[in-house]
Every structure is written in C-alpha cells, then in structure tokens.
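Heads up, the next two complexes both have chain A, just with different partners, chain B and then chain C.
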Partner chain A sequence: MSQINSTDFKKQKNLIALWSYTFLIIFPLLIILGLLMRLNQGEVIDLGIDNFYVVMTLHGLGMAGLLYSMAFGALWYLLASRYVKLNIKVGYFIYTTVIIGVVGLVIATLIGKFGAGWYLLYPLPFKGTFWPGWATALSIISLILLGIAWLIGNIHVVYALARNFGGLANIIGWQYLGRKKVDTELPPVVLIAAISLIPGVIAFLAGAVFLIMFLLQNFEPGLNFDNLLVKNLIFFFGHTLVNITLYCCLGWVYALLPEYSGREWKVNKLLVYSWNATFFFILFAYFHHLYMDFVQPKPLHIAGQLASYFSAIPATAVTMFGVISQIYRSKIRWTIVPTTFLLGVAGWAIGGFAAVVDSTIAINKILHNTLWVPAHFHTYMLTGVVLFLLGFLFHLTQTKDEQVKDKLSITGFWTFLIAAHCFVASFYAGGLNSIPRRYSDYTGIPMASTHSTGATLAAISTIFIYILLIGLLIMYFSIFKNLRQWYKNPSKT
Partner chain B sequence: MHKSLKNIINIISILIGIWFISFNFNEWLCLTMQRHQLIQLPAMLLIGFMTGYTYRKNIKPDQTITICILILTIFSIIFWMIPRSIDLAVINEKFNRIMHFNMLIAGFFLYPVLSKTVPEIKIVFLGMMASMLMAGGITLKTYNLLLCSSFTIEQQKQTGLILILVGITLYFFTIFIFLRGLKPEELKEKVNLNDSIHTQ
Partner chain C sequence: MDIFNTLLSIQSFAATISFIAGALVVSVVAFLMISSKNVEEKHLAKEKVYKVRDKYFVFLSACIVAGLFISLRLLPYSPFESHPDQEVTVVAMQWAWKMGIGKTDLSPSEFQGINEVTVESGKHIQFLVTSADVNHNFAIYNNAGDLVAQTQAMPGYQNKLDYIFPEAGEYHVLCLEYCGLAHGFMTATIHVK
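And now, the complex of A and B:
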C-alpha cells in the first residue's frame, strides 16, 4: 500500500463525496422514470408514445452513465487512497465533463424530446423522428463529452497503476504465471481495475467513431451508413461499458470484503487466468447482441456465444468461490457492508446466468425481443451493481461498530432488496410469457392474453418499485447523515 | 557542420517543400480528390511537422497550451474535410493558400506538443483523429451523391476508402501507443500527468 498525505487524502475525500451526493440524488430520479414507464405499460397512466420513449432514453442512458461514473469514481477513490497517486485535477475534470454531458442529455430528452433509446439504433435517431435535429446533435455531443471524460479517466488510472506496479504485464498479473516467486504481491483490486479499464479504452475509442458518424449524419441527412457496421460499433461500446461497470465494483469487493472476514484475499494463478480470460473475451462478447442480424457473418455469431460463456463463467466461478471461502466459518459480523457485497455477488450471478442463457443462440431466437433482456440487465445492475455501490457508501461513511448499531439501514436494505428481486421477477415472467420489450404499452397487441399478461405484470411491478423506493429512502436517512459527518470530520477515514 | 549553415539548409529545404506542394504542383494536386485530400493536405501537415521537429528545442509549450493546440489541430483538420471547404480551396486561390498555411501551422506545433504532452491526452488525441478519419472516410465512401462539385463521385469514393484504411491504421497505432506506454521502461521515461501538474 502506498502512503497518501493528509492534504491529498482530503482532496480525494471531497471528490468522492461529490460523486456520492450526485449519485444519491440522481439515482432515485432515474428510478422514478422507470416507474413511469412501467405505469404506462400497466395502463395505469397514459404518458403517450412519444413521452414513453423520451423517458426510456433518459432512464437507459442515465442509469448506464450514472452507474459507470459512480463505480469508476469509487474505484478511483479506493485506488487513490490506498495504492497509487491519482491526479485530483483529472478527477475534477472527469466529474465536470460528466456533469456537462448529463445536463446536455437531460435537455436533449426532456426539452428536445429525443427518444431514440440508449442504443441509438441507426438510422432511428435520424429518420422520421418526432424530435428536432438539435436534440439529436446535443445528445451526440453530450455522449462524446462523456466518452472523452471516461476515456481520460481510464487511461490515467491504468497508467498510474502500471507505473506503480511495474508495467502492463504486472498489473494484469502475468508475473504469477511464471515459475519465479513473486516479489511484490499484486492487490486483486489492481488486477481487476486493469482488466476492466483497458478494454474500456479500446471500446470508448470505437464509440467515438460511431458518434462522429452520427454527428456527420445529423449535419448531412442524406448520408446513408452501413446499418450493420454502426450497430457493431454501438454494441461494442455499450456492452463493454456495462460490463466494466460491474467489474469496477467487483474490484472493491475483492479489496473490502477481507476487512470484514478477517481473511486475506490474494491474487493467485487461477485468479489471473480467469480474469485474463475475461480481459480477452469481454471484447468479443458483444456479438450476442447481433444474433437477429442475419447479414452478420455466422462465425461472428458463434464467436459471440463462445466469448459470452468464456468472459462470464471463469470470473464468476472464481469470484463466487473466493467469496464463499472468505465467509465460510469466518465469524464475520453480518453488518450491512458484507451483506450488500454477498448479495450483490448473488445478484451478479443470477443476472449473469440469465445473460448467459440469453447469449445462447438457440434460446436467444425465442427470448431476444422479450422482457427477458431487461430482466437480466436489471438483475445485475439493480441487485448487483447498486448493492455494491450502497455497500461502498456504507463502508465509506460508517465504522464497523456504527454499522452494527444501524438497524434502520438494514431494514431499509432488506426492503429494497426483496422489492428489487420481486420487480425483476416480473420482467422474467414477462420474458417467459413472450411479452415484447421496448413497447410503450401492450394495447396494440392483437393477442388478448399477451396484452393482459404484459399489462398486469407491469402494473404489479410498480408496487415493488414503490416499496424499493421506500427501502432506498430509509437507507438514505443513514447514508446522508453519515456522509455529511464523514465529509466534515477529517479524522474519519 | 556549422550551426547557422545547418539552419540555412533547413530553411531552404522547408521553403522548397512548400514551393513544390503549394505552388509548383498545386494545380496538379487539385485535379483529383485523392491528390488533394490524401497528398496535398498531409504533405503540408508533414512539412509543418518536420519544421516543428527541427526547431523543437525552441518551442516549449505549457501543459494547458498543448491541449488548446491539439484541439485547434483537430478542428483545422475537420474544417478542411468539410465538402464546402474542399470546394472553396480548389476554386478560390486565396482560400487555397489559407488551407496550406493552416495545415503548415497545425503540423508545426504537432511534434513539440505531442512530445511534451501527457500520455493520456496523446492517446485521446490520436484516438479522436483515428475516429474522425474513419467516420469521414465512411461518409465519403457510402454517400452516393457528389459532395464536392470540383471532383467526381468515383474520386470521392476512392478517397473515402483510403481515409478508412488510414483511420483504421491510426486506431491500431493508438492502441499500440497506449499499450507500449505501459512498459516499465517507457513509464519511467514518460512525463506523466501526476508529475507534470504537481510540479507546475
């Protein structure tokens, strides 16, 4: 571990406090957008088709961006406060640029009515739109800003880690693969940070290509790009972004869980092999988004299925085994932090399993355009990433003794978690009943049973969203109070 | 060789280069889109780059200035890829000279700026350039209408194809630079963002 001086630490503390407040404020607002969508699908309210897609776009882009930014911000803080020197000015540059990007997206969607979905499926944002051209341009520019901020952040962290741990080969753990004894232990969080952020750099650069193409298209409507090429670029960017969000969080689970279990969690050969497999296959797994595109060469579909299996299974299996060996007979005190981490890993595993099921070509033929897809990504985001983030915030702001005494947060947490699982169950049930995804409502479906099942499940799911919000609110009492104290008290680390 | 003599030879070489590209072969280079976009524009940039390389010791830009210069360079290149600008540069002689001068200046600062700047910014710059070239190339290649009235549609498509190839090459070069920068020996030598900003 490196020593950080008190001035630098204070600066890093301010930055993470800023990220935390931003996350805590925006997150429930984005949930409310999700609630509105499900209320509309459940025929409880009538948003109108246009507004539904506006809300869907902001909810999707907002959640993906917010969760990645907070996960990255937390990883940044953890690395900066323990292992490497990270430049605070770069940290603030990223924060400011992300906020400008988010404001741009909010204006483009809520005022400009941009409603092309997070995936911006080409040529959807340009042909026959119900929103003006400036809203599309503003969305694209905002996304470029977000991409640049994340890109600079990723490169900065990777360089800092490589400098501190002796180069690329060392931060991805290759020194463990030789016969020589390793002199300096590599913290697992460093390995996972490198494995997550390097593919991020490659994906963000690819994202820049399609965003510039979109910008050109916006200025010259007559342009006609290859749809398949654009879709490949979008999903390479989007899928990698969502994947690395999760891996950023897993990094700090590896770092923080041992503090609660009292057992060391070290890097070993198996861990290096499995995470290196993830490093490689994460870049090709996105092909599973294109199974329905018959013009995509068949070998790429097969590669997509194989890469999905190989990118998910080794890291999941090794991490789950690691978590179990951390907690098994460890006399761990089940305060909110280890609970969120354990159940977050469970959420990741459940959502990941559902994702692997869907990435199987034979099954994808049936499930691709159904609610199974939002089911799986809501599982690993809501009951995985969000739990990790909440766990991180509790770890940041409360001592272990304070966590034991804080019964209110535990109550809020269980309320949140049970409601979240019931909520995603409604999506899974929808998927299994062939309820289509991305439909603003189901009134136009000529099959009465599909219409009624879809609407009923959506209406039921809103009850769980209300409960989930109540659980979150209960946790917020504790988080906000403690975050304020932690931020003001210099002795609290 | 005597320093002042070396300087004179350098300046004469640069001027000869400019004279050939901007005056002597200007008409020939403006005849086709490939020559104009893929030879003349990069050649002026290259002459500027070599001039900057020659006088690199005299140019010591500040960290914040380097970012501004890189942004201006990107905008200059984007500007001269816009069909209307290309047309004007071919038709109007004054506009043509402005283009040459702009590319020369952009190239002039490129070496001192890139060698002084931090790896993070360098990679973002190269990555954005690669993305821009690919996107511009795809646009020229796929558009079935004539974008620049001074050239033909076949020339437009061929230029687009070459721009895509250059963009892809630059993209992989950027990844290579990024990964090469992670070698231990490279990391020791390089100016990094922590050190450079902390020491300012």
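And now, the complex of A and C:
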C-alpha cells in the first residue's frame, strides 16, 4: 500500500464526497424520468410523443453517464486512498468537465428537446428531427466533453498504476504467469482496474471518432458516413461503457468483501488468466448488438456470440465462485455492505444470464429490440451496479458496528431490491410477449393483444417504481446523515 | 424455416431457462446466507467450494459447447445458394413502409411501394430490406402478436430476410429500431394467402 499523507487524503475525501452527493441527488431524479416513461406507456399520463423521447434520451444518457462516473469515482478513491498517488487536479478536472457536459445535455434535452436516444444512432440526430440543430450540436459537444473527461481519467489511473507497480504488463498480472516467485503482490483491485480501464480508453477513442464525425456532419450536412461503420463504433463505445461500469464496481468488491468475511482474496494465476480473457471478451462481445444487420460479415456475428458465451466462464467460475468462497461458512455478519455486495453479484448473474440468452443469434432474431433488452440491462444496472454503489457508500461512511445497529437501512435495502426485481420482471414479461422497446405508447400497434399487454405491464411496473423509490428514500436517511458525519469527522477514513 | 420459428417456441425457451437460472441464483444466495451462520476453517471451506467449482466448470463448458453446436445451426442469415420463390422489396422511411413484389433498380427514395403486400404461405419469401433515411427495423408479427422474423433496414445497405409463412392470414410489420417521432406508429400489413 502506498503511504498517503493526511492533506492528500483530505483532498481525495472531498472529491469522493462531491461525487457521492452528485450521484445521490441525480440518481432518483433519473428514476423519476423512467417512471414518467412507464406511466406514459401504461396510458396513465400523456406526456406527448416528443416529450416522451426527450425523457427517454435524458434517462438513458443520464443513467449510463452517472453510473459510470460514480463507479469510476469510487474506484479512483479506493486506489488513491490505498495504493497509488492520483493527481487531485486531474480528479477535479474530470468532475468539472463531466458536470459541464451534463448541464449541456440537460439544456439540449429539456430546453432544446433533443430526443435521438442515448446512443444517437447515425444518422437519426440529423434527419427527421423534432428538435433544432443547436440542440444536436450542444449534445455532441457535451458528449465530447464527457468523453474527454473519462478518457483522461482512465489514462491517468492506468499510467499511475503502471508506474507504481512496475509497468503495464505487471498491472495486468503477467508477472504471475512466469515461473519466478512474485516479489510484490498485486492487489486484485489493481488488476481489475487495469483490465476495466484499458478497454475503456479504446472505447472512448472510438467514441471520440464517431462524435467528431457527428460534429463534422452537423456543420456540413452534405457529408454521408458509412452506416455500418458508424454503428459498429457506436455500439462498441456504448457496450464497453456499460460493461466496464460493472467491472469497476467488482474492483472494490474484491477489495472490500475480505474486510467483512475475514478471508483474504489474492491474485493468482487463475485470476490473471480469467481477467485477461475478460479483457478480450469486453472488446468483442459488442458484436451481439449487430446481429440483425445481416450485411455485417457473418464471422463477426459468430465472434459476438462466442465472446458473450465464453465471458460466462471467468465471470461465474472465477469471480462468482470467488465470492462464494469468501462467504461460505465464514460467519460473516450480514450488515448492509456484504448484503449489497452478495445481492449485487446475484443481480449481475441474473442480468448476465439474460444477456447471454439474448446474445444467442438464434434467439436474438426473436428477442432483439423487444423489452427483453431493457429487462436484462436494468437487471444488470439496477440490481447489480446500483447495489455495489450503495454498498460502497455504506462502507465509506459507516463502521461495521454502526452498520450492525442500522436496521433502517437494511429494511430500505430489501424494499428497494424486491421492488427492483419485480420492476424488471415486467420488462421480461414484455419481451416474452414481443412488446417492442422504445415505443412512446402502444396505441399504434394493430394487434390488440400486444397493445393491451404492453400497456398493462407498463402500468403495473410503475407500482414497483414507487416502492423502490420508497426503499431508496429509507436508505437515504442513513446515507445522507452518515455521509455528512464522515465528511466532517477527520478521524473517519 | 426452422423448428423454432414454426413452433414459435423461442420465447418460451428463453423464459424457461431464464427462470431456472434465476431460481438457481436465488437458491445459492439463500444457501450462502444460511450456511454462513456456521464457521469452518478458511482453507477447508475454500477446498469444498473449489471442488464444486471444478464440477461447475465442466458442466458450464459442456453447456457452452452444446449451446453453440445447436444454436449456430439456426442462424437467420441467407445462405449464398438461396433461391427464394418470391422476392419482396421493402423500403423503410420516416415513418412508413414501402413494399412491392420483385426486385427494383430504383433508389430507395425513388421506389414507389405501398404499405401492404400479398404473398403465399408455405413459400420461401425473401424480403430485400433497406432504408431511405435513418435506421429502422423490419419486424414481422403474426396476428396473435408474436414476433416471427426481423432484420434491420439500414440506409446504404440491403439486408435479405428469408421467411416461410406457415399459414395464411394477416401479418403485421412494426418498426423495431427507434427512428424518431412516429416510430411506434410505423406499421404495414402482409396478407398471406
């Protein structure tokens, strides 16, 4: 572990407090946007079609960006407070740039009515739009700002880790593959951070390429880029961003769970092979988003299915069994932190399995772009990533004894979790009934049963959104109080 | 076309295996939470877990190989030697479908089609799908509301979708790629004799 002096620690503490408050405030607001969408689809309210797509765009961009930013911010804090010196000015640059980008996106959507969806599938932002050109330009510039912030962040962390642990090969664990005994042990969180953030760098560069193409198109409408190429760039960027959000979270599960189970979790050959394989699966799995583009070369479709299927081996046989070996007969106390971590891994497993089902080309031809898609990524995010983030915040601000006494948070957590699973179940049921995703409502569908099933499931799902918001609110009582105390108390680390 | 499409069983297959997987995950979580009340030597507990993991690894590998072996034989892509009985040109545009029997040399924007077409059941139909503006998705639903086949409609490219309608009746076309304001209202009809 690196030695961090108290001044530097205080600065890092300020930064993570800032990220935490930002996350805690924005997260429920974005849930409310999701609630509005489902209420509209359930024909309970009438937003208007244009407003629905504005809300959908802000909800998608907001959630993807917020969850990645908070996962990255938490990983940054964990690394900076324990293992490596990270430049606080870079940290604040990332935070400020992200916030400017977010403000830009809020203006572009809520005022400019930009509504091209979170992945802005080319050339939709430029053709048949119901929003003005300035809103498209502002969205692109805002996304470029977010991309720059994340790219610099990822490069800085990878560079700092490589410098501290003897080079790039060392932080991805290659020193464990030789016959020589390893001199300095590598903390698992460092290995996972490297394996997550390096594909992130590549993805953000791909994002930069298509966003610059978009910017050129915006100012020169006569340009016409190859659709399939841009689609590949967009999905590579989007898929990788979402994927590494969860992997950043796993970094601190590896680091923090042993503190509760009392069992160490070390890097070994198997872990290195597993995470190095994951590196390639992260890069190639995105092809499964393009199965219905029949003109894409067939080997790439098959590569997407292979990468998606084989990613299950390191994820389950190594990481999930690692979690099981941490917990099994460990006499662990089920306070809020290990509970969120275990149930977060369970959410990841369920959402991941549904993703693997959909990554089967022979199944995707029926489930593609139905509600099965939001079903699996909401499972992965809402009952996976979000639980890890909440667990991190509780770990940050509460001692183990305080966690034992805090029964309210556990009540809030179970309320949130059960409601969240019931909520995603409505999406799964929609997917199995072939209900299309991204419909403002289902009134235009000529098949009466599809219309009524879609609307009924949407209306039912809103009940669970209200309940999960109540669960979140209950946890917030504790989190906000503890975060304030933790921030003010210099002795709390 | 294949047994999955004919029996429309993909949805129920996906539901069944996902339910089993979900139930398994919940059972493991419950087992872990209950078993963690007891304590066992760290290395003994790990040894037990690793034994199960080894078996799981073999089981998972077998499932992956079997899954790939079966599913990769059911790809929806047209083989090179495909000889359809009938071709249907499909052009998507914001926010309508233009369809017509046969191939066309006209550009997508020049092509004049209408939002309904008639084909025969039991025949190999090949839809030649493209777009005049943004990305759309040509999705065919039967009258009961089951999605039976789909492909993307992409500007600058033509996707070939092969399908044999199992029975006569009305089939509906919906757009399954978000394409702007009236995305949810972009429909067409396929009459199958």
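Just so we're on the same page, the second predicted complex is superposed on the first by the 490 of 493 C-alpha atoms of A that agree within 3 Å, B and C clash if a C-alpha of one lies under 4 Å from a C-alpha of the other, contacts with A are read in each partner's own complex, and residues count from 1 in each chain.
Everything that follows uses one rule, which is that contacts are C-beta pairs under 8 Å (C-beta built on N, C-alpha and C of every residue); 3 or more make two chains touch, one makes a residue touch a chain.
Keep in mind that what you see is a predicted model, and the values were worked out from it rather than measured.
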item: Partners on chain A (chain B, chain C) - clash or fit; value: fit
item: Touched partner set for A:G222, first chain B, second chain C, both or neither; value: first
item: First, second, both or neither for A:F321, with chain B first and chain C second; value: second
item: First (chain B), second (chain C), both or neither touched by A:I155; value: first
item: First (chain B), second (chain C), both or neither touched by A:V209; value: first
item: Angular separation of chain B and chain C about chain A, which is computed from CA centres of the superposed model and rounded to the nearest 10 °; value: 100
item: Partner chain(s) touched by A:I16 [first = chain B, second = chain C, both, neither]; value: neither
item: First, second, both or neither for A:L75, with chain B first and chain C second; value: neither
item: Which of chain B and chain C A:L61 touches, first, second, both or neither; value: neither
item: Which superposed partner A:A354 touches (first chain B, second chain C, both, neither); value: second
item: Touched partner set for A:I140, first chain B, second chain C, both or neither; value: neither
item: Touched chain A residues, chain B compared with chain C; value: C
item: Chain C versus chain B - closest C-alpha approach in the superposed model, Å; value: 11
item: Residues of chain A that lie at the interface with chain B and also at the interface with chain C; value: 224, 226
item: Complex contact set, residues of chain A against chain C; value: 49-50, 53, 117, 121-124, 127-130, 224, 226-228, 231, 262-263, 292-295, 298, 301-302, 305-306, 309-310, 312-313, 316-317, 321, 324-325, 327-332, 334, 342-343, 346, 349-350, 353-354, 357-358, 360-363, 365-370, 372, 428, 431-434, 436-447, 449-450, 453
item: Partner chain A, residues of chain B touching it in the complex; value: 119-121, 123-124, 127-128, 130-132, 134-136, 138-139, 142-145, 167, 171, 174-175, 178-179, 181-184, 187, 192-194, 197-198
item: For the chain C and chain A complex, residues of the former touching the latter; value: 4, 10-15, 17-18, 21-22, 25-26, 28-29, 32-33, 35-40, 42, 45-46, 48-50, 52-53, 56-57, 60-61, 64, 67-68, 71-72, 74-78, 94-95, 133-135, 137, 139, 141, 143-152, 154-161, 172, 174-187, 189
item: Chain A residues touching chain B - in the complex, by the definition given at the top; value: 85-87, 89-90, 148, 151-152, 155-156, 158-160, 162-163, 166-168, 170-171, 201-202, 204-205, 208-213, 215-216, 220, 222-226, 229
